[in-house]
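Given below, in the form of structure tokens, are the structures.
Below are two complexes that have subunit A in common, paired first with subunit B and then with subunit C.
Up next is the complex of A and B:
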């Protein structure tokens, strides 16, 4: 319990630090500061997935599809190639709603599947979505993706909020930090919303269903409704993250960015960090996505300056070891700390019953031994 | 009736059917590895496709060593028969050894852990395999030497049946028959079936469950090795991402047939191969992947345990 409180304080401290970042001076902050925006988007995405996998226990392997749907809806609503030209606010709400609707519509028929089969169907859904996005040239511009996205924030508010003249990180309030703060604020909002939701009737019902669906339904909970509401919320948050991502990338980038690999990365984040626990999920995102997006390129640039690798060999690049390090981290984590770095209290007890119940077991054992001793039955059978 | 449908689809239908059947046999070999491991320890072995990829790289490396292929995988026209023979022996051994090692090091300590733990570890192993593949052969697709020539054996017929098609059938069918006989009639096969049914009871009957699991991984790996050689010789290309795509299709095949079910895996593999080739032919290559997964989802919704899978009731 104390750990949980500490994690909460660390989270607040992290947010304060992130908010103060644009005011700091320094070479690396200027270069890598803008790269934090996608990290914030992935944090929202991971929190969305955490609702589905962490709270409700549905192993969803296609969350990046909703992320992509959000990005594409935003792009279609805001680019000049289409007649909508809406503001960001409208586009983001639409992205959330469309992603949530697709989530509900695709999950509803698969409700009776469980475990591995559900994982497989969601994976298939993710792959289908990316293929459809790639193949619907007329709507999505195929493999190129839609560009550019530069809407106003409010409807009828003629001030391009996300002006991307980006001369520097700290140059002006009108430059990139606006988007940075928007993402940070949305992330903070999502964290607070989920914190309250966790403790609500719905949040507790999700956890009850995760632990034992049959028992939960016997208690009068409706599993179908609960699953659909979890997927709607998770997909909606993923759509919101996609909307922010599309703005931050000046477009949707290529459809591959929303494929199976992205889904797996997010899954890895929440599993490494701690399934079902907000601070844990955020820590996982900071470690994995931060490593992937920022630390790798930093080290690679440094290596290039040192001219260690003139031939461009893969194994001499830090980015070349990317999958290896992810894989090793997953394996070691599952072996030695399957509950994640910052586990939810319930998971910790479940996966390490010996720590929690060690005292109780010792007492029971002592009692049993005391009973057995006169007869010495245990030894004979061996 | 069939003739009229065939007429409407055009004469190329026969070629598509043959290509689908042959590809399907390949998928079936890989699907068997998925299905056997799942049948025994209920693990979706995500790394299986990448094991297949490493098997293909290993055989390519062998071809280069023997001198049958150049550094980029192009055929040199020498030692072709020798290279194929060495590949067909060494690649299954390599894949089997690798698979057993991974089971020993990664999955074995997790036997009693919650189900998510080995699954996530398998994803980790898959990542590591893929990274090893990149280090080994680079990020670009390579040629796999054309050691079996694509010479047409049936000139004058509507269907072009080449040495490559023949090679796939001649290698895969006996392997499947042998596997079926092995599982049905040998003591180890019987132990495997017993372990799949109930590991605890099997252990109580004196079966060394750990050895049975290791044997399952070895057989699954060897099948992936055979599939890798045959795939390389048939498709004539290899790249570090081939395992992901092919593995997904093969896994789909295993689920389609009913995961854990050996004839089901073969049936599912052939169906997936046919769907893939017919879809490519009549709908277009870019819709092949969505088509396969859409069919998979539809089948799972209406028959969640696959075509041949037994219906199981949830235990409380």
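Up next is the complex of A and C:
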């Protein structure tokens, strides 16, 4: 419990630090601050996946497809190639709804699959979605991706133009750091929403079903409904993350960005951080995506400056080794701390029951010595 | 008993898995306020019978009527709402939820929080050990404690009929006695119980009536004390 509380405080402190970041002056802040925006998008994506995998226990290996659907829906609704010219607000809501609908539609036929079988189907779904995006030229412009994504924020209003209040601040809401603040605010909103959801009827029903589906249905829980609602929420959050990502990249980038590799990266984040635990998931994202997006490029630049790698050879770049390093991190994690860095209290109990059992036994013994004997005698006397 | 219509009527039930039929035209009734037991060997179809009644396993033919209403083909999560609660075989408690959370899940169909809290207190009075362990995860309880939790959890939906599947499974004889005392006590308070058991002696001692199930067919049925003294039953199920 104390660890959980501490994680909560750390999370708040992290948010405050991130909010203060654009006000700090420094050589790296503006450069790498922009790169924090995708990290925030991936944090929302990971929290969405955590609803499906962490709370409900459905191993979904194609979450990046919903991320991509969100990005493409946003692009289609806002780029000049299409007649919609929506605002960002409308596009983001549409992205969530479409992603959620696709999630429900693709999960409904697989409701009876469990464990590995479901994982395989969802992996296939992720791969197929990327192929569809790549080949549906009329809608997605193939491998080129849709660009530019630069909508107004509100429907019916032109973008407010901000006076540059500080050096390095762009005057559009899509520039750094205003978009950064938008993503940070959305992420904070998602975190608070999920915290409340965890304690709700629905959140507890998900957990119960993950624990034991048969018992849960004997308690009056409808497994089909619960699974679909979890996937709808997870996919919806992924779609929202995709919408923000498309804005931040000023386009959808190439379809490959929504493929299997990205799904695995997000899965790695939530496993590394702690399945089912929000602060853990966020820590996992900060470590893995932060490493992937920021630390590797920092190191590469540094190596370049040091003239270690003047020709830019792949094997001398840190980024060339990123997948190897992810794999190594996961293996070490599974060996030494399978519950993740900040596990949910429940998972920790399961993987390290000896701590709890020892505590429980001690408590039971103490109680037995203190209470049980006199009570038992009392009963016998009756 | 009374002239009231039976609480549960199972009529010519057939069910199975894949190509194999497990139950063959199985019929039974449970009256209001009765403890009825189904005894039989491993693989006779006892659990399948219960699973059909609670809607977990689909029936292939026959009718199930509960409280005057057909529940044939009604899914498990809806059956609970009608007042039929099952404590499944192997206890199936939620291992990572605490004891109290397990009980709260049992009351998932209800929305009256005060009544729920009162019922949790009632469960603690019935099984004091659960109160002591209320904030421990269910998976850390002993087998007997888990069984108590499973029964208490099944009661949390305030059922009219309680289905108990092998409550004695894997428990020490002393604990089994304790569990059966609770079943008798519940029945005194008016609960109707359908009890599936391999421990035929204990089951027949506590029940009013019994059914003997052999490879998916009811072969004997009578008052429990008659079955208890029937030489064939004694030889086949009571080890004499």
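Methods note: the second predicted complex is superposed on the first by the 335 of 382 C-alpha atoms of A that agree within 3 Å, B and C clash if a C-alpha of one lies under 4 Å from a C-alpha of the other, contacts with A are read in each partner's own complex, and residues count from 1 in each chain.
In this text, contacts are C-beta pairs under 8 Å (C-beta built on N, C-alpha and C of every residue); 3 or more make two chains touch, one makes a residue touch a chain.
The structure displayed is predicted, hence computed values, not measured ones.
Novice: Assess the superposed three-chain arrangement around subunit A: do subunit B and subunit C clash, or do they fit?
Specialist: fit
Novice: Of subunit B and subunit C, which one touches more of subunit A's residues?
Specialist: B
Novice: Tell me the contact category for A:222 with respect to subunit B and subunit C: first, second, both or neither.
Specialist: In the superposition, A:222 contacts subunit C only.
Novice: For A:305 in the superposed arrangement: first (subunit B), second (subunit C), both or neither?
Specialist: A:305: touches no partner chain.
Novice: Touch test for A:205: subunit B only (first), subunit C only (second), both, or neither?
Specialist: After superposing on A, A:205 lies in contact with subunit C but is clear of subunit B.
Novice: Who does A:131 touch here: subunit B (first), subunit C (second), both, or neither?
Specialist: In the superposition, A:131 contacts subunit B only.
Novice: For A:214, select first, second, both or neither according to whether it touches subunit B, subunit C, the two together, or no partner.
Specialist: A:214: touches subunit B and subunit C.
Novice: Using only C-alpha atoms, work out how near subunit B sits to subunit C after the chain A superposition, in angstrom.
Specialist: Between subunit B and subunit C, the minimum C-alpha distance equals 7 Å.
Novice: Take the contacts of subunit A with subunit B and those with subunit C, and give the residues found in both.
Specialist: Of subunit A, residues 214, 350 contact subunit B in one complex and subunit C in the other.
Novice: List the residues on subunit A that touch subunit B in their complex, please.
Specialist: These residues of subunit A touch subunit B: 59, 109-110, 112-113, 115-117, 119-121, 123-125, 127-128, 131-132, 134-135, 214, 260, 264, 267-268, 271, 314-315, 320-324, 326-331, 333-335, 338, 350-351.
Novice: Considering the complex alone, what residue numbers of subunit C touch subunit A?
Specialist: 54, 56, 75-78, 80-81, 85-88, 92-97, 101, 104-106, 108-109, 132-133, 136-137, 139-140, 153-154, 157
Novice: Considering the complex alone, what residue numbers of subunit B touch subunit A?
Specialist: 42, 44, 106, 109-110, 113-118, 120-121, 123-128, 130-132, 134-135, 138-139, 244, 248, 251-252, 255, 259, 286-287, 289-290, 293-294, 296-297, 300-301, 304, 314, 316
Novice: Which stretch or stretches of subunit A touch subunit C in the complex?
Specialist: 201, 204-205, 207-208, 211-212, 214-223, 346-347, 349-350, 353, 356-357, 360, 364, 367
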